[in-house]
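Each chain carries a letter (A, B and C) given by its place in the written order, and its residues are counted from 1.
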Amino acid sequence: MSELPQEMFIPLDRAEKAGLKTETETIAFWSDVWRRFRRNKAGMAGVIIIILFVLLALIGPSLVPYTFNKIDLHSTYIHPGRAHWFGTDLLGRDIWAQLWIGARVSLLIGVVSALSQMVIGTIVGSISGIYGGKVDMIIMRAVDILIAVPFLIWVSLFMLVLKPGIQSIILAFSITEWKGMARLVRGEVLRLKETEYVLASKGMGASTWRLMTKHFFPNLLPVVTVSMTFQVTSAIFGEAFLSYIGLGIQPPLTSWGVLIAAGINEMRYYTYMLFIPAIFISLTMLSLQLIGDSLRDATDPKLRQ
Amino acid sequence: MKGFKTKSARIALCAIALIVGATAAFGATAQKILYLPADAEFDNLDPRVLTSTIQALVQFGIFEPLVRTHDGQLLPGMAKTWEQSKDGMTYTFHLRDAKWSDGKAVTGGDFVHAFVRMFQICPASPIYDDIKNGAELRAGKVQPADLGVKAPDAKTVVITLKNPVPYFMGLIASSFGAPGREDLVAKYGDGYGASAESLASNGPFILKEWKKNDKVVLVKNPDYWNASAIKLDQVVVYVLPTPQTQRNLFDSGQLDMYLPRSESEAKDFQAKSLLHLYVRGGIRDLQINRHGQNDPVKAKILSNVNFMKAISYAIDRQGYIDNVLQGAGYPATVQTPPGTGVYPGKTWGQVSTNMGKYHPATADLAKSKAYMDLVLKDNGFTSVAQLPTFDFLTSIGPDDPKDVTGYILGVFQQMGLKINVKLATGQQFYNNLYKPALAWDICRAGWGPDFDDPATYMGYWTTASTDMGVTYENAQFDALLAKGNMETDLVKRAAILNQAEALFADNAPCIPLIWYKGEIALSARVKGFTTAITGLTTDYIYADLTK
Amino acid sequence: MARYILNRVLVAILTMFVLATTTFFLLRLVPGDPMAGPKVTPEVKAILRKHYGLDKPLMEQYVVYMGNLLRGDFGWSMAARGNKVNNIIRDAFPASLDLGVRSMIVAIIMGLFFGIVSALHRGKPMDYLTVILVLVGISVPSFVVAGLLQFFFGVYLHILPVARYDNWKSTLMPTFALSLGTMATLARYMRASMLEIVNADYIKTAKAKGLSRLQIVMRHQVRNALFPILTILGPAIAMVLTGSFIIETVFAIPGLGRHYVTAMQNLDYTLVLGLTLFFGFFLIAMNLLVDFAYGLIDPRVRHTRG
């Protein structure tokens, strides 16, 4: 579609523009999403579980009189019970306290990595979609290369270079896992570019920045939010994978991945050490999946009732 | 009719089962196969290339050294007889008629080649620096022909030393004392030792099959000089990276040996009468980098001997062993484990005058605090909180059956020390441990013996040693060890070593933690199984299977 | 079509080149020296460094490496001394391939089966069963599945071999653990894809024509629902591949994944590099195949892609 000649339009002045603003649409959209989301029982269950876990991650460790890394050689391998709700490990450390400190670490890694992937992915994807041509081609080739090797291989390679720790894991996830988001955003931008209201806005002399903030981002938000929910699960899983092969979180800090790795080694005699972290990581992944699914349904215009 | 049919089918089935069963039973009695676990892939079985306990397990069976030790006895190997010169510096070995598995004769030249190659490429060669011109050959200062290992004829090997070494026969009773094949090295180049076909065997067993990361199969060598004493037909070693897997296979009867990882496991096996005890060498320790990574404030604190003592007294060795290792060790109160041999008939435990005197078995927090107060005073501090943050280097590897790191961190925490943990996996650990990085103030490390003598536990701390990242840097200690190793009277030598150990235990930058306890579970059918080189290698050569 | 194929192949070659270069320099940024080790003297280390060409300038090392790579030579492993990376891959690939193929077959057959059945029985117990399977499959990490399976079937019930990979019984647990995630993903996509076209006009036409239910399902619904499924096969293969890293370690399977994990821990530059490139090459080739297959089935792709 050819662009409309700009001279044909006389720009409006500020006051006139203000009068034309219609922002109610987006607000209506999100309250509609929430209304539909609430009706989905599975999604709501997921939200409740995640809220509960976040709360426990914040207050859980202080509910017991032990710090998570407090070593007590006189109470090693205590089975779950009154004194230690989730038992203790080989150094007598309380597993309840470790579990919720681990939850902090795992959830933090999940959420922050997903956020930064979203930011990088959205920016790169928008640039690719808006400018097109050579820029688009270079970016898409870079994405192809990142996709050629599974992200866990990339992340492991980066983790070798970086100093092990939370920041490094987040950094490694952020620089390798934006590709999916970028592709998604690029596709959406290409679609939006062809819509009439964007063309109209362009015709009225809107800058690229204005197009992005005013039209692309609000419309991208539903797609990006859904995708982000899944990125959180993939980051939590990635952390567990790294910790299992020894490139992730290092003691004295702990994470769900660290706890599961320890549990697998001890499962013959101390089964609870595997089951407890396994159940919690699985419930978290499950809840995030449910939230993602019902969020997708709630934001899908096709399913609008 | 129907009933008959079923019946006849049953009979037929039974007959088949009987035949199959009989064949299987016949096969089992005809072939005695021992199944052993290995923690990791062997990668290369040339003793000159890789020499850890993993490789030693197989090398021990397929290579016959000049002499062998079995059950604490020195036995002939490729050498039928040998004699020592009066000054204790020249050994002459007379070889027996023996063949390699590919039919070639074993010659004196094969031994010369092996020792030359060792000094040229083997990381462990400094253990043999007592051999004349060994260190010089490694440094490229002399020609291979100048090495103190010579073959005057095809049936004789003469080894000349720089100085007398009381434990020399024990030193060469290992795979390093085994011959090598110059022609095969030339043929396979860098790939020598990495495949079954590149290696020729001269030991009790022949390397028949090697499936990488999975298993090796050794078969009895019919041409072995002592073949009539070898009972096993085959030894199969499975590569099983996790202890869990080894344990499960042991329980299901697919493995004949398992090293218990905890005392609860050991108790399980004891109840079933499967547990055997053996002497096991090796020490776990904390080492202190007195140079403090060139930070003068840290260096002053770390080189204060009271700092070492403050940490040592805060460690509850016995509690750690009882509760975490669940009994699988002894508190290390000095450097050398008591089971180490020192001269025929005596172990270090019987001769040492230092046991229990220097580092405490149970924590003494009051003493720890008193030592720490001295450190604070010497450095002008008033509380532990004012001390700088120390870098603690540690690893989690197959050598650490239980969480030593976690416990030590707990001790530091209790003392109020600020610690920055540098946890390194595998190779990264060594990269941080050694110069030039030396990127740590305190490090959790350890030592496995190279031979059965206290000298191996102290030698690596001499100023000249490059075995660890740090050394003792004490001239008196160096002189005592040198003097001890020149002394041919073994009782006098033990006294000198005692002196060296006392000095070391009192003020070296090393805090001994534990000596492991040797516990091994064997399936009920195994007989005559022992360990060698102070428990680091299993000795299955003369083992037998009853069922 | 020829132009499309050529284009895809050229892009694949470029991708391989960039992948090799990036990985090469990334690994040299890793702090440390693969030759350091207990009881390694500086002299011995210097000999080893020279032997592996690590004493040369970085650019020279790079040119030498890329030259060898063109000849298909990945060089010598640095930790597994005396072993060529090519030989390591040759020896270990069969086990990984065997496990991977088994897992993919199980995942595809079971995934499609559950997807189809649940779509046909929407809202009935079978559907819920599938939904539960899908949720478990995507929310429980594969190494947790592996650990739990080992515990129940190997340690607790003693009915399956705990580890090693030498008979059909020993393949069951690793195959299931590795395929579960992919199976769940496929079932989920297949179900959605089936439901999307259940109301399509041609299905209604087919019904009106009086075709049997089975005919409709197999000829029209399943076949058309399969198209979108093909696109997720590429990522599914990648998922099986990374999953194998842990599964192979847990079950002591002598495959490539186990080598990769130990090579990273040993700083074995050449082995990590060789395996990364091998994985990359393998996945790119697989994706190309999937693309071509898609192009053959759906003519529209030829024009809109690449």
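The definition used in the following text is that contacts are C-beta pairs under 8 Å (C-beta built on N, C-alpha and C of every residue); 3 or more make two chains touch, one makes a residue touch a chain.
Since this is a predicted model, take the numbers as computed values, not measurements.
Taken as a graph of touching chains, this assembly is fully connected, with contact between every pair of chains. Looking at which of A-C and A-B shares more C-beta pairs in contact, the answer is the pair A-C.
Measuring from the averaged C-alpha position of chain B to that of chain C gives a distance of 39 Å. Averaging Cα coordinates per chain places chain A and chain C 23 Å apart. Remark: chain A and chain B have CA centroids separated by 48 Å (rounded to whole angstrom). Chain C has residues 31, 150, 155, 249-250, 265, 267 in contact with two or more other chains. Counting partners per residue, chain A has 246-247, 264, 267-268 as the residues that reach two or more other chains.
Under the contact definition stated at the top, the residues of chain B that touch 2 or more other chains are 242, 244, 425-426. By the touch criterion stated above, chain C contacts chain A in their complex at residues 11, 14-16, 18-19, 22-23, 26-27, 29-31, 135-136, 138-141, 143-144, 147-148, 150-151, 155, 238-239, 241-242, 245-246, 249-250, 260-261, 264-265, 267, 272, 276, 279-280, 283-284, 287.
Residues of chain A that touch chain C in their complex: 141, 144-145, 148-150, 152-153, 156-158, 160-161, 233, 237, 240-241, 244-247, 260, 263-264, 267-268, 271, 274, 278, 281-283, 285-286, 289-290.
Listing the residues of chain C that touch chain B in their complex gives 31-34, 36-44, 47, 76-77, 79-84, 87-88, 91-92, 150, 154-155, 158, 161-165, 249-252, 254-255, 258-259, 262, 265-268. Per the touch definition, chain A reaches chain B in the complex via residues 69-71, 73-74, 76, 90-93, 164, 246-247, 250-252, 264-265, 267-269. Every residue of chain B that touches chain C in the complex is listed here, in rising order: 40-41, 43-44, 46, 49-50, 120-127, 138-139, 190-194, 211-214, 238-242, 244-245, 248-249, 252, 425-428, 430-434, 437, 466-467.
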